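The chains carry the letters A, B, C and D, assigned in the order they are written, with residues numbered from 1 in each.
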Amino acid sequence: MLSIVLKNKRLINSYYKMKLSCEGFINALPGQFVMIKVSPHYDPLLRRPMSFHRIIPHHPPFKKGGRGEFEILYQITGKGTEIMSNLKEGNKVDILGPLGRGFWFPEGIEKAIIIAGGIGIAPMVALAEEIRKRGKGQGSRGKIIVFIGGKTKDDILCKGDFEKIGANVHIATEDGSMGKKGVCTELLKEWLIAHGSLLMAQLSIFACGPQGMLKAVADISINKNISCQVSLDKNMACGTGACLGCVVKVKNRDSRLYKCVCKDGPVFDAGEILWEEI
Amino acid sequence: MGRDIDLSVNIAGINLKNPVMVASGTFGYGEEYAPYVNINKLGAIIVKGLSLTPRNGNPPPRIVETEAGMLNSIGLQNIGMDTFIKEKLPFLKKYDTKVIVNFFGDSIDEYCEIAKMAGSAPGIHGLEMNISCPNKQEGWLEFGTNSDLTFRVVSAVRKNTNLPLIVKLSPNVTDITVIARSAAEAGADAISLINTLSGMAIDIETRRPKLANIIGGLSGPAIKPVALKMVWQVARSIKLPVIGIGGIMTYKDSIEFMIAGASAVQVGTANFIDPAVTEKIIDGLELYCEQKSIKAIKEITGSIVT
Amino acid sequence: MGRDIDLSVNIAGINLKNPVMVASGTFGYGEEYAPYVNINKLGAIIVKGLSLTPRNGNPPPRIVETEAGMLNSIGLQNIGMDTFIKEKLPFLKKYDTKVIVNFFGDSIDEYCEIAKMAGSAPGIHGLEMNISCPNKQEGWLEFGTNSDLTFRVVSAVRKNTNLPLIVKLSPNVTDITVIARSAAEAGADAISLINTLSGMAIDIETRRPKLANIIGGLSGPAIKPVALKMVWQVARSIKLPVIGIGGIMTYKDSIEFMIAGASAVQVGTANFIDPAVTEKIIDGLELYCEQKSIKAIKEITGSIVT
Amino acid sequence: MLSIVLKNKRLINSYYKMKLSCEGFINALPGQFVMIKVSPHYDPLLRRPMSFHRIIPHHPPFKKGGRGEFEILYQITGKGTEIMSNLKEGNKVDILGPLGRGFWFPEGIEKAIIIAGGIGIAPMVALAEEIRKRGKGQGSRGKIIVFIGGKTKDDILCKGDFEKIGANVHIATEDGSMGKKGVCTELLKEWLIAHGSLLMAQLSIFACGPQGMLKAVADISINKNISCQVSLDKNMACGTGACLGCVVKVKNRDSRLYKCVCKDGPVFDAGEILWEEI
């Protein structure tokens, strides 16, 4: 699908935010993603997966059919994202999506805990906005706790976005340049200890970030028996479940050893993943 | 656009409405891409390679992008013939396109067993044997890199099926025409080529191979010149129809293969980049014929001027 | 930048100040690129493949760009050994780099003759035999696609020279380790690989091959995964030093090859895109060593973790 | 060498003009060319050869070292030129050059005849300017006759540029939409007949364009014994004589069957080329 760049600007260092518009409405859920073909040539060849950072589903139609808008938040890590960073307003890019299974919203939740490391923050703003929209019980109105981790203060993104919707934001940086010195999973542990009186069944954790962090979060959640969803990141070719390239080992429940991150995920129940072999 | 242009081709006794198929392993079992492409428009679907029983495939990472290509080491993960026939074939039967089962085995017996099963499942229009697999019983030598093994496995399968039989060749050989001739003599109805080239990539930070399996198969535009050359060679040296595969991204690429001698083509990696690419290719073929006043696409097969 | 990092390598008895050479046929006889790159910085120059007498090569068109690669069918045009020694070698001798003569013949005798001539020309530090050439006397079979022919031509040359002898392999074979072993047993001092992959391209307007010679050799980034895999295979299966060639564009590519088992590398097509690429690669190797606290580049050869 | 795009604009249809600046002076001759790497990626892989359209050698230095400026005139014919057409002011492109052997200027010439077809006009403006600069005897001051051919009037470029320096311009289009209907080589023939009284040794022909046209011009010049230079166009990889990819068959004077268009040319004496086998 051809999509038009509405805005593309650098936030800080290698972090960029792009706003895109496409014909038809984007009916996406937080945690889902698009695959972007950053150039019409064959180097780079494959599409690049990018999460929905913000979903603006129902923009007043200005042409027949109307259009959807969405934002992505991305970091330059190689040639694909480098090309993306050079796109200008009005440029066209080819997107495929929405793809994958996004976050889901367990019933009876009082407090939603969002935890993200580095660029893992990207899907979490859409998620927080959705939780806010759904209200109490389905993700807990008014009770969103956010933990953000990064190497240094410049890797802490979107703090203001979460605060704007009334979330309670906790920050950790490895060098201590912002928030607490250390990793955000430690903050989560401390918070859970401090709130030991809460019913764990009324909490729900949503996590996205580097694999080590996700594993630590999964450990915590499994230990404490808190519902926990993790958004995984694997190299992808097709994004649709066709190539079987993006698999992750799951605990062998239905005799399938591997699931596709692109189609069965990227969001998984933390308890489903075989963390030892990831 | 030109209704009177005949895009149909007959391969190994299968009538295809046009010469454009999707290659095995790049289109799942059809379902995955159904939302993105008009499956009724395709010449045929070659499904992901099937074995007798389900296989888990290789550990991840399984894919790496390379310059104008990609490496994969999926390791032939598949749901097995049984489950395919029960759960996937009914879906595919709903479409007006041909279904060709790509399959492989560890042994000659396994190949034959699958061929038999396919023969008794209505809705399967043809078979494509992937012989780029090691022969477990005889020292893990790949069937497709040895003309004797090729002959034996193809003859054995031939005896066990009346379905149109396509043999898919590995490009990782000194002389692909030798293997093609063995397959032809053993009773193949058509030859498809190429499967992926063997390749590798290394992460210089960890000094580990980028694929858990160390080695993978290279596909995509990078391999097109190699594929085209092999198709040309094989088409000149055997009488069977040849199906061209390897790096086809556009209708122009498809036409190159047909001019080189292919009667039809398969599109693989390109599906990942554009799920609707095959529709565009089919439209492009029609346009090309129109512009060149070609009445039937089959006329261009082997029309290379040297 | 790190003066104390040792970039030197010894290949087949030739001491190179660093492992970066320019590949045969992509750097002319050195003169062509002298204005653009500091030749004194190079590990070695492999000159354009030489035959006993001058050759005209193939008719044009001789080159076609492909996706992330190019096809060439130069057809080994060269000025002949005599003229090389008289007119080109004096120029190369002025530089502080090693000169390695790449050569080929139609027959075993021609190979031997050239090796003898090279032995008596001061300033030639080593020989690289290109065995991807057809044997005129025995049915035009390429020397390098047959292990017996490889053994015979390499042993014969070995008897005719004391110069360090590198044998350069063709990738267009089923099992490159078999050919590598034949070359090793026949007395090669080192193995270099890969030469180009066979490929083809067709002009769909004229239906003619884009190369007058129909078939050409594919080089450039497109072939890197194939080259890397073959280097890894060969380095594991023989004891001789291996020189990695194929699609190297950056120092990172060079390091991949060395980790896979190469003791040195050759840069080919990349010279066309950036004549100073080898200098950048050498600087990059030094930087990589510095960052990883590697004292001598040779430590990384074969350090792949599997 | 990194070069900066100063201007890049579409002239008409698929024809563009780009002005570039590079550090150091460009010491180029008309007929020479640069090789441009249009993108840092590997598709397209090879550099694209482009003639100097105008050479502005001595621009007042504004930084240390000073800089040269030059223009190229190009037509979109594929992916490389397509990418070029999207370059914007301030973008950097990697150029290699000046390369090749340009036009030369025979002594004792009274009249210079320039003949070009289609985009073959590109190097001819630099050539005309150089002839004008050199003056009488070395390319003939005041006596430049230009023949331009093209499919239709939109393929006739640079008419004004030649007129500005006082050249005498003749035009032919295949559809007759501008100038005479037909090909420009016919115009040349007619002109030579009309000027039959001229001493052919005092004429010099400079030609650039499609192979068929060059062959026709070569025929005319050889027939009439007029000095004639042609600028050839072959696919190139290295541009420096290293790859032997761009060869053309020459009349076997010095035992060499082939010469390199990039290094021995692109400008050749018309009498040197083996036109039958081109």
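Criterion: a contact is a pair of C-beta atoms (placed from the backbone, for glycine too) under 8 Å apart; a residue touches a chain by one contact, two chains touch by 3 or more.
Everything quoted here is computed from the prediction, not taken from an experiment.
Asker: If you tally contacting C-beta pairs, which pair wins, C-D or B-D?
Answerer: By number of C-beta pairs in contact, C-D is the larger.
Asker: Where the centres are mean C-alpha positions, what is the separation of chain C from chain D, in Å?
Answerer: From the centre of chain C to the centre of chain D is 36 Å.
Asker: Using Cα averages as centroids, what's the distance between chain A and chain D in whole Å?
Answerer: Centres of chain A and chain D (C-alpha means) sit 55 Å apart.
Asker: Per the centroid of Cα atoms for each chain, what is the distance between chain A and chain C, given in Å?
Answerer: Distance between chain centres, rounded to whole Å: 48 Å.
Asker: Give me the residues of chain D that touch two or more other chains.
Answerer: In chain D, residues 42-44 touch at least two other chains, as defined above.
Asker: Note the residues in chain B that touch 2 or more other chains, in rising order.
Answerer: Residues 66-69, 220-222.
Asker: So how do the chains connect up here, line, ring, star, complete, or something else (other)?
Answerer: Complete.
Asker: Within the complex, which stretch of chain B touches chain A?
Answerer: Listed in rising order, the residues are 25-28, 32-33, 36, 48, 56-57, 59-70, 72, 74, 77, 220-222, 249, 269, 271-275.
Asker: Could you list, by residue number, the parts of chain A that touch chain B in their complex?
Answerer: Its residues touching chain B are 37, 42-47, 94, 96, 234-249, 257-258, 263, 277.
Asker: Across the complex, what residues on chain B touch chain D?
Answerer: Chain B reaches chain D through residues 67-68, 221.
Asker: Would you mind writing out the residues of chain D in touch with chain B in their complex?
Answerer: Touching chain B: residues 42-43 of chain D.
Asker: Considering only the defined contacts, which chain D positions touch chain A in the complex?
Answerer: 39, 41-44, 79
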